[in-house]
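Each of the next two complexes has chain A plus one more chain, namely chain B in the first and chain C in the second.
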Partner chain A sequence: MLRWLIRRVIAAALVVFVVTSLVFVLTHVFTDPAAVSLPLEASEELREARREQLGLKRPLIEQYGEFAFGLVTGDLGESFWQQRPASEIVRERLPATLKLVGGSVVVTVILAVPLGMLAAWRERKFPDHAVLGFSMAFISAPPFWIGYLLIIVFAVQLDWVPTFGSRGWTSIILPSVAVGLASAGRLAQMIRRAIVEELRQPYAVTAQSRGFSRSYTITHHVFRNVASNFVTFTGWEMTRMFTGYTVVIEVVFSWPGVGLMAFNAIEQKDLILLQAGVVVLAGLVVFTNLAIDVLRRTIDPRVELR
Partner chain B sequence: MTAAAPAPTPAPETVAASAGPADDASNRLLEIADLTVGFPTRDGTVHGVDRLTLNVGSHERLGVVGESGSGKSVMGLAILGMVLPPGRFMGGSVRWKGQNMLDPAVAERVRGREVAMIFQDPMVSLNPLKTVGAQLRELLRRRAGLRGRAVRARCIELLDMVGIANPAERLRAYAFELSGGMRQRVMIATALACNPELLIADEPTTGLDVTIQDQVLTLLHDLSTELGVSVLMITHDLGVVAQFCDRVQVMYAGRIVERAPIADVFAEPQHPYSLGLLRSVPRVDRDDEELEGIPGEPLDRARLPSGCAFEPRCPESGDRCGQAPPDLAKITDRRWVACFNRSAPPS
Partner chain C sequence: MSPPTGKTPAVNPPTVTDPAAPATHSGLDPGADSGEARTLADLRRHLLKSKAGMAGVAITGLFALTAIVGPWIPFIADPAQQSLPDRLKPPVGWGGTWAHPLGTDQLGRDLLARLIDGARISLLVGLAAVGLAALIGTLLGLVAGYFGGWADTVISSVADVQMAFPGVLAGLIFVLAFGPSVWIVIAVIAMSGWMVFTRVTRSLVFTLRTSLFVEASEMSGAGSPRIMRRHLLPNLVSSLITLIVLELAAAILSESAFSFLGFGVQPPQSSWGLMIEQGRDYITHAWWVVTFAGMAIAVAVLGVNLLSLWLQSFNDVAEREQIILDRPGM
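For the complex of A and B:
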């Protein structure tokens, strides 16, 4: 188990290395950070001066070495926009994003598990069709639209929760729901399908042939066997949240997280800060995947130690 | 011809009557009459079992033989009132001691307690994530109503009964830690946990090594005698039937084509399909016979012929055979055959 874990951590570190290198290539080879940070009509002299200032005149490999060393030591460069270390800004923003993703995962699981189980229990009957209908609605509605809808109904009309920002614990509810609904829809369908398929497995047929009811078989036999799929899928949804939904929803709700920061960095043409945001989000995705593997291994002893 | 209704007094002549202990209606445990289970397909409904009639008496070992796809496994589950979707019950009745097993409330009460089933593949028929002990305890607590110390004592007793050494230790094992033969023994132990009166064994030895097959069959045979449990042995293997059963029913395309005491079928098979089955089994005790297969292809269940289902492969088919399926008819005292060429007692 320990050797397996060490191997997994090394693999994860490699992925982080590759992803961050890609980010470096994108920002330093395909774009010119100096030009981007200046107005379009800026003179060539001004650009040269900025390049000099940012150390972009040095060989690429040297710049990369500095970038990589910075990453390892937690230095993500200096934000043009805010004139302070990007790592400092990211550190301020990270808790909000983690909170939002945490809240979204809670919403996703709370909705998806009962709905998926209900649909599987009453396969091909009304509850199954109803769950499918809701799931499709959740999946196909764009999260930003759900976000605005939620704001209009619950924040503006009913005035139950704040319209934006992260003040008070109630403020997390709407953005979490906005992010979590689509994931809940997909996860519910995945759980339903996994359970229905698993119910046809000989051991599940055996359990029912011993007189255990369908619902008992689902909760006490089948669910544990689909739990590793469930963990995997929830993890995927989580990575999706990190890389996509949170950016949109943080913008819609002015939620002060890394996603909103990255969005603002784009607006301000602050490539260094954007790069810092991407690196951190990518790191979170890799870490999530590692956590999924460890969890699956704990749940299901049959998962091979590869 | 009305099929066996629950008869308090011995019915003089019902169509379901047959050779063996189940002849005596008061002795019948299981009565299946005209049971039909359908599976919708693109080409129309396929009948997994088709107007099946069958009885099992107490202390009886009945074999049901047929090739794969003949509906044997569907029948096994149907006895428990179960049918895997998208299949559904389309007619007929399954009665356990007179109670309707197609009523979910009855079926859920009887399943596991009075009728238990063991399955083909012990590799996957035990829950992979629960220990042997957990699976037994769950049954004993929830289905047999045992509590406290009695649970563990019974677990050990059961494993001991099915010939597992070091039962206390084995309780902590997961299925994947056991050999195939061991798993089937555990499977039998879980089936016997609530002292059932009928054990349905669906290909219990398929997938096991030949030596282990023999051990498992012997174990089942001994247990059924010791505990007085009836066994319905579902198999494609005539050797298993010969070794294990008192009486046999041959199944083809979801229907029973022949029903007879075991010795009679082997000595003198009546239905052409039974004859074919026997000829396709190698025998070491005779060297004068050529080994033959049954000509033609196994049936496409979606395109049943309008007449006898075996007609396209039958060496003896005549004019009548293609028109309507023959009914199971009594040809001698203990023998029933569904074939137009055998309807009269053989002279």
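For the complex of A and C:
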């Protein structure tokens, strides 16, 4: 177990290394941070001065060394836009994003687990088709549109919760639901499929042929065996949230997280801050994947150690 | 009916999961002639029995038709015609007139006309992005699966890293570097989708390459490109089409998200995502702009998703039947 864990952590660290290197290549080889941060009509002297100031005149390998060393020590560079360390800004924004993803996971699981189990229990009957309809609808609707519909109905018409921003605990409800519905739609179908497939296993068939009802077989036998799959599926939805939904939903609800920060960084042409945001979100994805593996292994000892 | 899996082919790589699958192609090359006719007739029969499939074909067909003949539909206003006195007119039923059935936007442009106009760009961008991803991904998957060895190691690890590093995030850097444009969006969507095709193609080819018809072809001296083109690719077609339709739904959603953020389609052109971005400031008193634009995205994507759902179930059924039929002879 310990050796496996060490191997997994090393693999995750390797992915982080490759990913951050890719980000460096994207920002330093394909683009010119100095030119991007200045207005188009800026003179060549001004650009030269900015390049000098940012240390872009040095050999690329030296810049890369500094970038990598900065990452290890938690230094993500200095934001042009806010004139302060990017790591400081990210640290202020991170809690909001984590809160949003946490809330969304709660919504997702609360909706998806009962719906998925219901669909599997009544396979090919009306509830199964109804759950499929729910899933298809929410997988197909763009989450930012669901966000605006929720705002129109619950914040504008009914005035139950704040329209945007992070004010009071009620403000987290709408963004979490906007993210959670799409994830729940997918998760419910994955859970249904896992249970239906597990029900074909000899032990489940035997249990039912001995007279246990389908629902009893699901709750007392099948559920435990597919529980580790639930963890994986939920983890996948979390990585999806970190990389796509947070940016869009944080913009819709003016939610002060890393996603909104990345969006603003693009508007302000602040390459360093955007780079910091991308590195942190990619790091969260890698960490989530690692956490899934560890959790799976803890829940279900049969999971192979690879 | 097999459930939808969104963008997670890792759980449900269409038709790949069954280890018995290659057994169906016992000995003979099932490639071109013998299989085709049976499949098409089967396809129609299967479609007529599936309500979801019919709905998917109908919606996707309507979507494609609107995209193609959009500018020539009669009685529809010019989507670019601005009229400030008519700005933010409500739709029919909420105090509007038939001059603008779905109301007007903040510049007084006819909403229905703009929705019809937006269908084309959504479909074009989606098809271009998925086509690019499928081309690159399938090629790499063929190479990785057929040659194995270090080519497989390199391609598979790159795919793994890409899986952990979502292209959307890298896309944000591209947007900042090169400025927002449709081309960037196409490249970004293709970049975040190619590895799906690589993985499926690789695992299919992996099992196919040991089958008798490939070995026979190798022994008769056919070169690798010929084997890939003539013997492997025809066997991948149904899986690849299913995957392309599945990815198309995701690509249309991604395009709308990028355009909504202002990074995709740019103002003189219109796109559903961009319409939501332009209408968002008016949601408190003009709900229709955002509502109808989003509904267009949702319905189009739903149609494509239903089509993909049905294609997946069709492939599963066809394969299951084939396995059962082949077994006694083996």
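In the analysis below, the second predicted complex is superposed on the first by the 306 of 306 C-alpha atoms of A that agree within 3 Å, B and C clash if a C-alpha of one lies under 4 Å from a C-alpha of the other, contacts with A are read in each partner's own complex, and residues count from 1 in each chain.
Everything below uses one rule, namely that contacts are C-beta pairs under 8 Å (C-beta built on N, C-alpha and C of every residue); 3 or more make two chains touch, one makes a residue touch a chain.
The structure displayed is predicted, hence computed values, not measured ones.
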Quiz item: For the overlay on chain A, clash or fit between chain B and chain C?
Solution: fit
Exercise. Kindly classify A:H221 by the partners it touches after superposition: chain B alone (first), chain C alone (second), both, or neither?
Key: first
Practice problem: Based on the superposed arrangement, let me know which partner A:P142 touches: chain B (first), chain C (second), both, or neither? | Solution: second
Quiz item: Regarding the shared-chain residue A:R192, is it in contact with chain B (first), chain C (second), both, or neither?
Solution: second
Quiz item: In the superposed arrangement, does chain B or chain C reach more residues of chain A?
Solution: C
Quiz item: Which holds for A:Q275: it touches chain B only (first), chain C only (second), both, or neither?
Solution: second
Quiz item: So after the superposition, what angle do chain B and chain C open up at chain A's Cα centre, nearest 10 degrees?
Solution: 70
Quiz item: Does the superposition put A:V19 against chain B (first), chain C (second), both, or neither?
Solution: second
Quiz item: Which holds for A:E62: it touches chain B only (first), chain C only (second), both, or neither?
Solution: neither
Quiz prompt | Touching partner for A:V285 - first (chain B), second (chain C), both, neither | solution = second
Practice problem: For A:V205, decide between first (touching chain B), second (touching chain C), both and neither. | Solution: first
Practice problem: Determine, under the contact definition given at the top, whether A:E48 touches first (chain B), second (chain C), both, or neither. | Solution: neither
Quiz item: Upon superposition of the two complexes, what minimum C-alpha distance (Å) separates chain B from chain C?
Solution: 7
Quiz item: Once the two structures are fitted together, what part of chain A is touched by chain B and by chain C alike?
Solution: 124
Quiz item: What residues of chain A sit close enough to touch chain B in their complex?
Solution: 123-124, 200-203, 205-213, 216, 220-221, 224-225, 300-302
Self-check item: Touch list for chain A against partner chain C, complex
Solution: 15, 18-19, 22-23, 26-27, 30-31, 36, 124, 132, 135-137, 139-142, 144-146, 148-149, 151-152, 156, 185-186, 189-190, 192-193, 233, 236, 239, 243-244, 247-248, 251-252, 262-263, 265-266, 269, 271, 274-275, 278, 281-282, 285-286, 289
Exercise. Give every residue of chain B touching chain A within the complex, in rising order.
Key: 77, 80, 82, 84-85, 108-113, 116-117, 119-121, 124-130, 138-139, 142-143, 174, 176, 187, 190-191
Quiz item: What part of chain C is in contact with chain A in the complex they form?
Solution: 1-6, 8, 10-12, 160-161, 164-166, 168-170, 172-178, 249, 253, 256-257, 260-261, 263, 273, 276, 280, 283-284, 287, 290-291, 293-295, 297-299, 301-302, 305-306, 309
